[in-house]
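Structures for review follow.
Below, subunit A partners subunit B and then partners subunit C, in two separate complexes.
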Partner chain A sequence: MQTVVQTLTWHDTWYLAPEIVLAAFTIVLAILDLALPKRIGRNIIGWGALLGLIAAGVFVGWHIHDLSTWEEAGKEPFRNLLDGSYRVDDFGNLLKLVFLGATALIVLASLGTTRTDEIPIKGEFYYLVLPAVLGAMVMASSGDLITLFIGMELLGITSYVLVAARKSAGISGEAAFKYVVTGGTASAFVLYGMSFLYGMTGSTRLSGIGDAIGNAVAESPAMVYVAFFLLIVGFALKLALAPFHAWAPDVYQGAPTPVTSFLGVVAKGAAFAMLYRIFVNTALYAYADNTQLRDDLYLALKVLAAAAMLVGVAGALRQQNAKRLLALSGVANAGILLIPLALDVTNFHASLFSEFIYYLLAYVLMNAGAFAVVAVVARGAKSEELSGFAGLYHRAPWTAAAMTVLVCSLAGLPVTGGFFGKLFILFGTVQTKEYWLAAVLLASTVISYYVYFSFIRQMYLRGGESELPVTVPVPTGLVIWICAAATVAMGFLPKPILEWVDGLFSLTTDFFSR
Partner chain B sequence: MLDDLPILSMIAFLPLVGALVLLLVPQGRARLIRGMALAFTFAPLLAAVALYIAYEPLLGGEAFAEKLTWLSVPLNMEAGLSANGATSYRLLFDYRMGVDGISLPLVLLTGVVASMAALASVQIRKRWKLYYVLFLLLQTGMYGVFLARDLTVFFIFFEMTLIPMFFLIGIWGYFSRENAAKRFLVYNGLGSAVMLLAFLMLIATAGFSIEQTASGAALSFSGSYDVLAANLADPNAAANLNGSMFLSDSLKGAAFALLVVAFGIKLPLFPFHTWMLKVHTEAAPPVVMIHSGILLKMGAYGLLRFGAFLLPDQLRAWAPALAALGVVNIVYGAVLACVQKEFKLMLAYSSISHMGIVLLGIAALNETGFEGAIYQSVSHGLISALLFLIVGTLYERTGTTRIDELGGLASALPFTSGILLTAGLASLGLPGLSGFVGEFLSFLGLFDSYPWLVAVGVLGLLFSAVYVLRGVLGMTYGALPDRFAGLRDVRFVEALPMIALTALIVLLGVYPSLLTDAMAHGFDGALKLLQSAAGR
Partner chain C sequence: MDIVFSQVAWLAPLFPLTAFAVLTAMGRGLGKAGAIVATAASLLSFVLALLIAAERLGDSAEDYTGRIEWLRAGGVVLHAGYEVTNLTALMLVIVTLVALLVNVYSLSYMKDDERISVFFAYVALFTASMLGLVLADNLLTLYVCWELVGVCSFLLIGFWFRKPEARAAAKKAFVVTRIGDLGLLIAILLLYWNMPNHALDYTSLYNVFHSQSEALSDSLTTLIALLIFLGAVGKSGQFPLHVWLPDAMEGPTPISALIHAATMVAAGVYLVARTFDVFEASPNALTVVALVGAFTAIFAAAIGLAQNDIKRVLAYSTVSQLGYMMLALGSGAAAAAMFHLFTHAFFKALLFLAAGSVIHAVHTQDIREMGGLGRRMKLTAWTFGIGALALSGVPPLSGFWSKDAVLAAALEKSPWLFAVAVVTALFTALYMARLFFLVFTGSSRGEAVVYVHAKESPAAMTVPLVILAVLTVAAGFVWTPWNEWLPGWLAGSGAGEEEAGAGGWNGVVVAASVAASLLGLLLGWLVYGRKGAAVSAAAAKAPGLVRILERKFYIDELYDIAFVRPLAVLGRALHVFDEVVVDGAVRLVGRSVQAAGKLNTRLLSGQLQTYGLAALAGAVILIVAIAGRRFW
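What follows is the complex of A and B.
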């Protein structure tokens, strides 16, 4: 077979603008950090990073607009670059917006709370966040196994460094070490699975794999199963899905709070993007040829989701440390986020992506907000234990109120984004008649009331050791309030967002068009 | 007059507005906070009374129904629907409110009990502002539950009662209040989760409708009560035909069972009752007034509205089991109430016993029984609110509510003791007081179908005479312990709600048609469905 290698043209750079902007900002900020004299505070690098994130976001928005005008003009709304190994489509763009927005919130929150005695080299922290997001964006936009893997490694390796940024704390180094080992193992599993896929289908291009997988299954189903199960294990490790979640509490606790927040939201979202790309493009595509493979794989995903939800909340029950608690809550939430992908696509149920991205967005807001509150409280109490929240109602009533909203959203209580997102996923689950999975989701939700209300118990029912008011730095307070307000808005008015997503995203164009 | 006003939404949301206004008042202005909270509690009560006056049983609540399209979420059609001519495929959440003969008495009850509890809240000694904000939020949730006509909206209001109640128990309760609040949260959370599953099962099947428009077929899922009821009764609806929306009999049975569990926890049904004992003993008396007076009734109402009326076949199949469960509740509650030394715990068991009567009324499957169930709910709401009002008054003065530590209060607190005796008599079902009517109607309704169960149930009532008299007489008669010699009887603000509640109990006892007239025709639709279910 003759392959024509398509090279990058000048014209293509326009479609890579968000990625290029991020790369440029990374380099400039790194040099700036070296060149600036010591007496100048490194917060300026943070503001620079924020600017870079916003600029990249503007370009992504521009692309979304471009694509929708193409659609109106009757042209297929996606763009293949480099022979289809990089795709600019609505699936990727929407996720990129989520990643950039989440990172911007996290950076903004950290501008108020990062202490020099905790993160000695602040500049490094800010300019390393950018390549990490870049990695996540590459993952969301890939149409090829190699590109996916490069994105994953870019995100992974920068996050290892970020986890270790709390140089004065021993647990930070320990966390980074654990993260390197598990992250490396995950990459190995993923790579191993990818190599089997390549071996069976002769292509690293996702579309090529999708076309050839039917034959591959017919020839030697065992190899295909091995490939996919290796991939599932790798992703489960990356996503901290039970039973592959043991690293998460330690790493989340050891990492600086903004980095924890980043790992919980962006790293997880990116791994999901990759999972969607591979599974929808290949396994779902092979549906017509072999339902057995598809059913088995999706059953495995369902079981994994159920296990993560139950193990996550059960583990969080006894946690006294706020960050460990949120880490385990992240395990449970990863399980919830996995459900839409794991459900059958039938005539009547095809809204998997709307379900996923709505809950992801709600999760981004509640997670970023909750970690910002944790950072503020930990700064005052000098500890990240739950008891630091004691009496917060007296010490910072408005922050306590915002935290109450965020916690209600985590627990899925109305009327919040978390409630609506869960409701939407649950509806899909019931629609496809997976009642057992719905029951597990609900059971884990009930247990989670107990978990999340431990924040509320501390804030309202307990008196703190000190009754001193907690000071909330302006940028962090802003983030907390943006997150709380958006969480409430997402509960009352999910329609505009879902309408927008539904208008842009299309299963056939974004995944199956070549 | 009321036709132009969205009166139902006003009733439901006035307290919420009050809560938001209160947030703006500075913490220290205790009198202002209290005054505003009272105003925003009495306002919906007045609106509810106006509604009661304007309501015409024969016409039903049509004139007051409200419908607003709240959300219409697009679902993906790419996997085959658009190829088959569908033009839109949506998940609808309508904001629908309605009132009929079943919800009207309960709305009035909510107004009365909430107002009296607000008056009784003078007993609250700390963090007034937060207390009243939560108190008002709770009211919006309760009114909403009785007025909502969409499953999702109902669920949201139902959950809205959960969080304020958690705080009200946990902050202002007695010694092990935190424990009680946690238990309340987990049990009721479980109940709502089970309810949500049942609701979604119904929405995803019976809520499905196809509307043919000029441009093509518009497909939608809706949680609206009217749509569900119509689709479930229509043999040609997708839910009743073998296809991907088919709601088979076993699934219907499962949904009904889930609803029985969900509302049974709230009611509370016998094995699920432990949480409410804790709440009764540990929460502050005004909070228990609301809890015992209104929140338990949400279970009865939900079971009737969403279990019985939507799934009449299943109700018919379950009726013997429900009746048996009701009898178990009556006897179990009554027997255990007889041996309690703590007056509050005795009242809690008595509540279990009295809520069992509601189940009997529902299981009767006839109009008399249904009326009895609602009447009993209202009557028990008033009586238990009055009893806990007295509990609060007594505890404030004596520091205890243990029956064996009290005695001879009739000489020190003559007024309170008199009211206590009246409330006790109403509770044991003395004719001429409201408790009698509810019990009588429920038993009468059930007598047609299960005379034996009625016989056993009435035995339970004998016990109620035993425990009520034992408790009340033990506290008011005999010698007054010396340390209680200087007690002063009630203040005016406490006497007011006591008199009002007693007056209502007497009024409903001698003049039951005040409520039964409003209830008339409220069950017509359901009874018709039940009869057609029996014919099949």
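What follows is the complex of A and C.
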């Protein structure tokens, strides 16, 4: 057992640069928000937050570049900090880029749509996004249960505040309260599972748990089962997988639209990062004499993925509220995102991460874009109901066209990023001979056409009852078009992205915390 | 010899295809101008066909083949190409000439139809497809064009779609010919699987089937030949798939002349002639072809005796004459068959166009309501008479020469077939005499008003008649006892020194043929031509027989009972199955998804306690179901 904890050296700060930048920006912006007189609009804080996100992203990019030069030089392309409790590797870096990019898009979009009368705490609203992303980044980079949990709570607590930002709307407070209770429940499950894991293996370090898990299974399999299933339930709550998804529509509906977008994209991605870290590092080694435990765990993940896909789309069928609909679509998409991990990695399925990251990227784009459109439309129609989209094609044809692209991507129609994302995941299921899962994926996709086409139906086939013109603020329009264009680009050029991820990423060096 | 024009033979179908594209793109706005465009395109094709034929008149014109790679799927390459041989050159001339004349004729005949540009667009598409069919250098390209002409035929039969009979006839033609098309498709697939290198071009077919190579077994060869023949039976209206052709007369008369007399229905004969190498490798298949042809010939001629619709008589005559061609093919005389196709195209187109001229004048197709029209429509009567004599086989008109070639071939095959063919010739002369006398001589039996107003058709309609009449007289001289140019030329460079089929001329054949036609004509005059002869004289003497003939041997009724009704019952049963089981399943899935959605909505009540309960229940179920089973 490790008794001396490796201390953080001055040299290590370079590897923590993105996180440090975010923390620094948070503090500076918080002070600025306090110091600036009221008459100065708080949008400047938003632009500052955007700058901080971009700066952090630059550092992450720099690290990716560094790691790849190490690899060429024959050095192992990762860096352990604090004795392995914090890792800088390609897995973490890629996810950090996705988180930072998604958050930057969301902040940019909200710069155009956030109204002071709705969100009185605009300054806090912007700078609190930064610690939330910081939490997500810590989750993506952790090699230790405790760091993971800290990251999760950092993300969680700031999110609770963000959800409640629409202080004047009762629905926002209700959403925040529900999110607090659910998030607390999830944390409790996760923490309980972690404590069992620590009790069985004597380590909180993922590598340590991986080493000791074989013996633990041999000694007391029931305890290990309990530990892992508690973790799975906790994460399922966080990810809003069915039947743990009930909170999602309420919270998504109540939260300000940019925060909804953030919850759907970054919070989910971070939970996935954590799930990947824990499962690949521990469960994979969990077979002592037989593969029973491991098979059971992966089966549980597959069942959850299937349930989420089906319940998500079935629930979305009857939704009339755009944000609730997208929340349930998020449930289904979480199921899809879970599939690559749930497939047995030993069964010649080494491409799980590139499948995951490709669909995550596509999902980030279509979700951020769709929520931006929802925000714009809701601002005009004064309602977040689907009917607000009625006749959008006649009122704002370009926005309707962009939304069509995004919705097609959500539905998984070619030629979009969503199509290839689903296709790659489908290939994975077929490759590992999980045909039933492939069938569920296809069935849910078919049902989802109906769901997503309710947008198209409204936009093109319904006359606009409200003749209100839709004004698209420049930053939001920019985001909508970035998302739509990137979605189409991912549909036309799936190969380069996939190959780039595949080239960066290798299972052995990037996952296993040896 | 230089073969410049053969190299650009692909232009021939391209002209009408372009016309079709232009007419379709411009829509009805083009009106009359569209008709001119289509006619001009067919004129260009005809000129090109003439040039191609002219440059091939020499003795040793090389066959010219041009092809492009069409599809590549894995290691499989499909080609599309064209091949110009003497046979295709002959067909090109026939098709383009008839198409041109029909175009000119239709300018007048269809001028009052509001969909005239649509009509000409269809005709142009048909011409293009037919030329493509003729030029194709392999069976796949042929099949594509084969189906295209089928579609055009369907569209044109049903051109007056407001008439329920036209709709029904179009549907019938389409469905019945599909049976034959399916046979052809299976034959092509069998060839594709069994031919070396999956070759489907005629050159490879020639090489494989002519060299007695063992690539394909005898039984397989027979099967393929019979399936190809099934395709020909469908298209060429041979028994038992002949039923669609008479009904197809619901289409405009120029169409009957172009498609259902001169060109498309001859495609079946052409197909067999083109793939004759396959048939020659299988004597059994040849015998089947000969038997079906002979039976169809006499069977349709007998029906023709008792029909009262001018176009239907001609339609059954077409079926019968196509039977002759098949008989010649089955007797091994491809050249005789092509010769008869060649002459028949002219005189049958002539007869149809003349019939159209009559219909145009009196607005009825029932010959019982006509009579005495010869006095009012001299040119039509004369040209129709020439066509009728040619069809009856009176020397020295073209029909005589080609029919003799067919009869000679039949005699070589079997005396029985020859006897059947001679009786058919008698029937043919008889029904043509009946038709001519009832329509053009005697006194009018229709309404006096109509008769008084009946007048000769305009020049656009009569000029094609005259041209065709001249050709009907002249076309036979390409193959006479003293001039055996055609068979040698048709055999061409491909077959070289080989005998072209159809032995020398036989006095017995000539005597029997001439005697049969003259006897037929005489009988016809006695019954229908003399003053005071009753229209229904035959019906009075042998009512039962005439009744059977009038009802066309009850074939349609038989098919109705044997196929249509059982299939309709089966269809209804399947429909019920579809409604209840398939749709039911679909509805069930839809409902259950909706129900799941409803359940989900109920779960999302907004009560956080409910959410917690659901989560807990989910966790327990998950753990018990998956982890629990290991510990029980």
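As a working rule, the second predicted complex is superposed on the first by the 503 of 514 C-alpha atoms of A that agree within 3 Å, B and C clash if a C-alpha of one lies under 4 Å from a C-alpha of the other, contacts with A are read in each partner's own complex, and residues count from 1 in each chain.
Criterion: a contact is a pair of C-beta atoms (placed from the backbone, for glycine too) under 8 Å apart; a residue touches a chain by one contact, two chains touch by 3 or more.
Note that the structure is a prediction, hence the values are computed from the model and not measured.
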*Between subunit B (first) and subunit C (second), which does A:V415 come into contact with in this model arrangement: first, second, both, or neither?*
first
*Taking the superposition as given, does A:E499 touch the first partner, subunit B, the second, subunit C, both, or neither?*
first
*asked:* Quick one: is A:E219 in contact with subunit B, with subunit C, with both, or with neither? Answer first, second, both or neither.
replied: neither
*Using the touch definition from the top, say if A:V430 reaches subunit B (first), subunit C (second), both or neither.*
first
*In their shared complex, at which residues does subunit A touch subunit C?*
177-178, 181-182, 185, 189, 221-222, 225-226, 229, 232-233, 236-237, 242-244, 246-247, 249-250, 292, 296, 299-300, 303-304, 310-311, 314-318, 328, 447
_subunit A to subunit B touching residues, read off their complex_ = 345-354, 393, 408, 413-415, 423-424, 426-427, 430-431, 435, 438-439, 442-443, 445-446, 449-450, 453, 456-457, 460-461, 493-495, 498-499, 502, 506-508
*Going by the contact rule at the top, pick out the subunit B residues touching subunit A in the complex.*
71-81, 84, 91, 130, 152, 155-156, 159-160, 162-163, 166-167, 170-171, 178, 181-182, 185-186, 189-190, 193-194, 196-197, 200-201, 203-204, 221, 244-245
*Flag every residue of subunit C that touches subunit A in the complex, lowest number first.*
593-594, 596-598, 600-601, 603-604, 606, 608, 610-612, 614-615, 617-619, 622-623, 626-627, 630-631
